[in-house]
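Next come two complexes built around subunit A: one with subunit B, the other with subunit C.
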Partner chain A sequence: MNSNDIEMVSVTKTFGSNLVVNNIDLAIPTGEFVSILGPSGCGKTTTLNMIAGFAQPSSGEIRIRGKSQRGVPPEKRGIGMVFQNYALFPHMTIAENVGFGLKMKKRPAGETRDAVQNALRRVHLDGFENRYPKELSGGQQQRTALARAIAPEPSLLLLDEPLSNLDLKLREAMRVELKDIQEQLAMTFVYVTHDQDEAMAMSDRIVVMQDGVIAQTGRPAEIYEHPRSSFVADFIGKSNLLPISDIRQIENDWFVSLGTKGLTLSVFIPDGMSGHDARYCCIRPEAVRLAVTDEGIPPLPNRLEGTLSRIVNLGAYFDCFITLKDGTVLKSLVRSTRLPGLAVNQAVFLSIDPDAVQLLSR
Partner chain B sequence: MDRFLSIFFQLSLILILAFIALPILVVFAASVSPTATITFDPSQWTLRWFAALTASRWLDPFLLSLKLAAVVTVLSGLLGLLAAYVVAYRKCPGHEAIMALLVSPLAVPQIVKGVAIVLFLSSAGFYALLGTPGLIMAHIVLTLPFVVRMIAGAMYNFDKRLDQAARILGATSFQRIRFILLPIIKPGLFSGMTFAFILSFNNIPLSVFLVRPGETTLPITVINHMEYSLDPVLAAVNVASLAFILAAILLFERIGGFSAQIHGGSK
Partner chain C sequence: MSSIETLSALRQPTHLPVRLSRYFPLAPPLIVLMIAFAIPMGMMIGLSFHDADTGILTLDNYVRFFGDDLMLAGLWRTALMSGLVALCVTVMAYPVAYYLARSTSRWRVVVFALAITPELAGVVLRTYGWLVILEDHGAINNLLTWSGLISEPLPLSKNLIGVVIGLTHVVLPFGILSLLTSIQGIDPNLERAAQILGSSRVSIIRHIILPLSVPGIVSSLLIAFTMAASAYATPALLGGAGFKVIATMVYEQVLFYIDWPFAAVMAVILLVMMLTIAFIGARVEARLHRKLHI
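Our next item is the complex of A and B:
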């Protein structure tokens, strides 16, 4: 059970002089849902294409189920793939599309029919068997593409931004469906996306890519709570990302100065980090506690005063922007039922638990 | 303003249709008129010119033209498919230059092609090929660029991601050609073959160099007949050929479904 479905060893890909994937090492255990997350152009699709066999690594090796894939064409790799643009066969009905993989493997017609039914039921498309792709909505086509990929029950499925063209509601519904399918069929999912909510919601593990290298790998909570760089902190979730101008130790306590105008916070140095390496600090908006009176905030070291300069109503939450005395702007996430009467230009008090201040070395 | 435009467009459409249809109507009237003078009085119309077409002097050339067009259509369809696959689909090295070369005969007048083929066959000593085999070759030379162009167009438009999708589902390259590529480019293939059929069936400028006595195609027989008489049987031949070609187009369309492509749909 501890075996890896995919291993990438020092994989590099160049297009001409353009280094697109730079020396990636990645092991994906069997049965895991792994998301590859990163901004546009960071090499996600290229990585997926190399795993699928549509592109060859310039150097390095890719192993699937322990076997080197050098020289193995995509049709022999025994994996499934959901393409970003669906790539449904326009001349085939939905049933024919979904049954295509089994037909190519020359499975008996009865078995194929059952598998098609099963796959369509999983994506809630039973009854659409005899339609053609162009007679389906975008979301239905999307689900057909998914059904086509899962019908042959590959143990390994690659998905390239498979929900990117859906509206928010359908996307959220599909996330749940995808996760169910992955768990019920015990499949390994490699899921490419640039939507961090999607990655957070579904993954066992997230691989954050940046300019062709892996910036960080870890469980969603781990990456959210302990980003290893300002890039990851900024990319995953919302954050107050502030450059550190000075850090000093007074007895057992550490203090950082942020900016040039004397904003100072008490912080904890995590194990394995030297305080003097800290370059940025990252504070999640929900860790910035906001109150309208002095008594509303706990008597912690990091107490700040400021003015509420902007409120974005997110429904259940307010996204508050607070301008501190020194001009620094901090974001705070406030449950709207807790402080319903908040108004712009109001004086507010903030407190930040030293534990919640992440120190980043880059 | 919209109303005016819509009337304007409808009027233009009617004029265009009339422009196309009138000559055909005249020929039709001629084909059923009892004498060489055309009459538009239906009570005098006769089918005897059409009956005359069943004589072997018309039937044999028709059958030759039909066989020729059928062979040319199939062969140029196959050759066009192979050429387009290598050049437009697999994009072999130098594919752009090769494509330009493949369609370049379009720029050469048919008379010049005819002369060139006759000169080639006779100077190379292939006199035996001057009849039907020469006709087949010559017609393929004529039709192949059209067919290649049409199929290549379909292949250039083919979404390569469909091939990738089939591939990751385990389809071998043979299966991908058979189940994905061919069905999707089929409209292009069949519209190319329809062109080939019409071009071959109606051809005069090339055929005129290659027909032999007793082995003349229908259009050449018409030309020969015209040299001594201009009787209504010529009109009947024309109407019959036109009807035949329309039927052939409909048949190709039924099999190939290319009007879907022309209208921008695909099924």
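Our next item is the complex of A and C:
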């Protein structure tokens, strides 16, 4: 019994001499919400198009529900897709749009009507049946596109940056709705985005792509806490990413030197890594503890002093930029209620738990 | 013009010189159009209401036209020919335009060139080409006679068939261009969306492409009809004495009967027929745009 909805085996795609997707192996289990995350041009849409059948892999194989899809046209793959620009049919009403898939499958009219009603209710668009796409707002069009894709109840849904054109508030509301729909209908979602917040918020698993290769796959927390490369660390969440100039062991403790001016941190070497492989260290801003007095920080190793050079007020948090004595700038995330009187050019004290310093080999 | 400009123009109706100066760049083309188009047109319409001999104002010329079976037959032939050309052009142009709109192949440019460049050869040259192919001792009839399939030449020229074939070829590029614009305006993702929802190629064309390109179809029909109705060289060469349309009959009227006012009547009637068709077509197109929500 095969429980993978999608399997990509050594899939490569070239356009002329341009290698766009390079030897991807990916298995997506049934019912999983997978996000493909990566910067613009890294091959996300191309990957999705190959799964949908709009593009053919140059080499390698794609299997859907265990069956090779070589030579299977998109209309025979039994999957749904939400397009980045909605792609609603302008000459059809919302009901006709949503019912289109069922009509193509020659379902009885009554069944189609019910399915359309259901799908529209799910995206909170009941009552809009007789409007035309042009008469809806961007968010409503977006939800229509979603309803159209889920009405035929495909077990597998591909979504290409479906929320990218919405404003922040609507986007956050839609995230919750999407996740609900995916769980209620027990569908497999392959969700393409370049918005890491979106991927973190919804996914069971994130696939980070970089220049056509998979940089890392894992649960959101796993990727956030244990990025495997500086690229992933930088791309997922905010981070202080510092190149390591030297690493040495003194008895049981490891120390890294950062930069050239003698900034040294005590670190822990995780299991399965040799300390000498470490090239970068990544420190999340929330792991950089900030205090205005010497006593405000715990008596740990890794105590640093610096000057607050910039404060960005994020509402509940301050995004603080601290210039250390040697010129290195570190970011620290501070709850605004904890240190309400923080001001630029103030001398501050920092401490970093050695546990929170992630060592990266590339 | 931005809406702010419009508003300020509305608020200050006294600033006439300023507003007029905006239209100065339009003056040269307007003058040329006046001299080359509007004035002759006005003269022609005026002429049609004058008696040929006495020069008195009269409606007699029109009465004569509508009482003359020969004239009415010519009008009917013109309409029939133009309608057939419009249909043939649109049907043939559609697949070409669709290919040109959607293909990413490098042959696209070649097909585009092949579709458009015949226009450069000029109407008379191409029509002679067809005459060589279609006439009684032309290429097709010679081949068929030689192969023993026919004993008498098929009537391919000096009749409706020949003129329609020739005109279809002449007008085809315009049909292609007007359909191309329309089909290019249809988002290719709509086709993909339909496809992933289970549509076959045929039902994508039926449910998505055809309905959304109806305005293009209407404008192709319209352009082809008016071009065919006003064409002279092709009906003259391929139709000859055997197939007279209003355009060739006007020429005859001027050259052989030297009846300018009556020729003007025929021209005016042809003009009215084309304007009527164009008006209906434009209305239909506007309605379709609203109906299709595009």
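Keep in mind that, in the parts below, the second predicted complex is superposed on the first by the 360 of 362 C-alpha atoms of A that agree within 3 Å, B and C clash if a C-alpha of one lies under 4 Å from a C-alpha of the other, contacts with A are read in each partner's own complex, and residues count from 1 in each chain.
The working rule: contacts are C-beta pairs under 8 Å (C-beta built on N, C-alpha and C of every residue); 3 or more make two chains touch, one makes a residue touch a chain.
Everything numeric in this text was worked out from a predicted model, so none of it was measured.
A.B. asks: Under the superposition described at the top, does placing subunit B and subunit C together on subunit A give a clash or a fit?
C.D. replies: Once both complexes are aligned on subunit A, subunit B and subunit C clash.
A.B. asks: Going by the contact rule set out at the top, does A:Ala201 touch subunit B (first), subunit C (second), both, or neither?
C.D. replies: neither
A.B. asks: Could you look at A:His91 and tell me whether it touches subunit B, subunit C, both or neither (first, second, both, neither)?
C.D. replies: Both: A:His91 reaches subunit B and subunit C.
A.B. asks: Quick check for you: in the superposed arrangement, does A:Val9 touch first (subunit B), second (subunit C), both or neither?
C.D. replies: neither
A.B. asks: With the two complexes superposed on chain A, say which partner A:Gly101 touches: subunit B (first), subunit C (second), both, or neither.
C.D. replies: both
A.B. asks: So, A:Ala27: does it touch subunit B (first), subunit C (second), both, or neither?
C.D. replies: In the superposed model, A:Ala27 contacts neither subunit B nor subunit C.
A.B. asks: Identify the partner contact of A:Pro152: answer first if only subunit B is touched, second if only subunit C is, both if each is, neither if none is.
C.D. replies: In the superposed model, A:Pro152 contacts both subunit B and subunit C.
A.B. asks: Across the two complexes, find the residues of subunit A that touch subunit B and also touch subunit C.
C.D. replies: 52, 54, 73-75, 77, 79-81, 83, 85, 87-91, 100-101, 104-105, 132, 134, 148, 152
A.B. asks: Which residues of subunit A touch subunit C in the complex?
C.D. replies: Against subunit C, subunit A makes touches at 52, 54, 73-75, 77, 79-81, 83, 85, 87-91, 100-101, 104-105, 132-135, 148, 152.
A.B. asks: Help me check something: in the complex, which residues belonging to subunit C touch subunit A?
C.D. replies: Going by the criterion above, the answer is residues 187, 189-190, 192-200, 203, 207-208, 211-212, 291-294.
A.B. asks: Could you please specify the touching residues of subunit B with respect to subunit A in the complex?
C.D. replies: 159, 161-162, 164-172, 175, 179-180, 183-184, 265-267
A.B. asks: List the residues on subunit A that touch subunit B in their complex, please.
C.D. replies: That would be residues 52, 54, 73-75, 77-81, 83, 85, 87-91, 100-101, 104-105, 132, 134, 148-149, 152 of subunit A.
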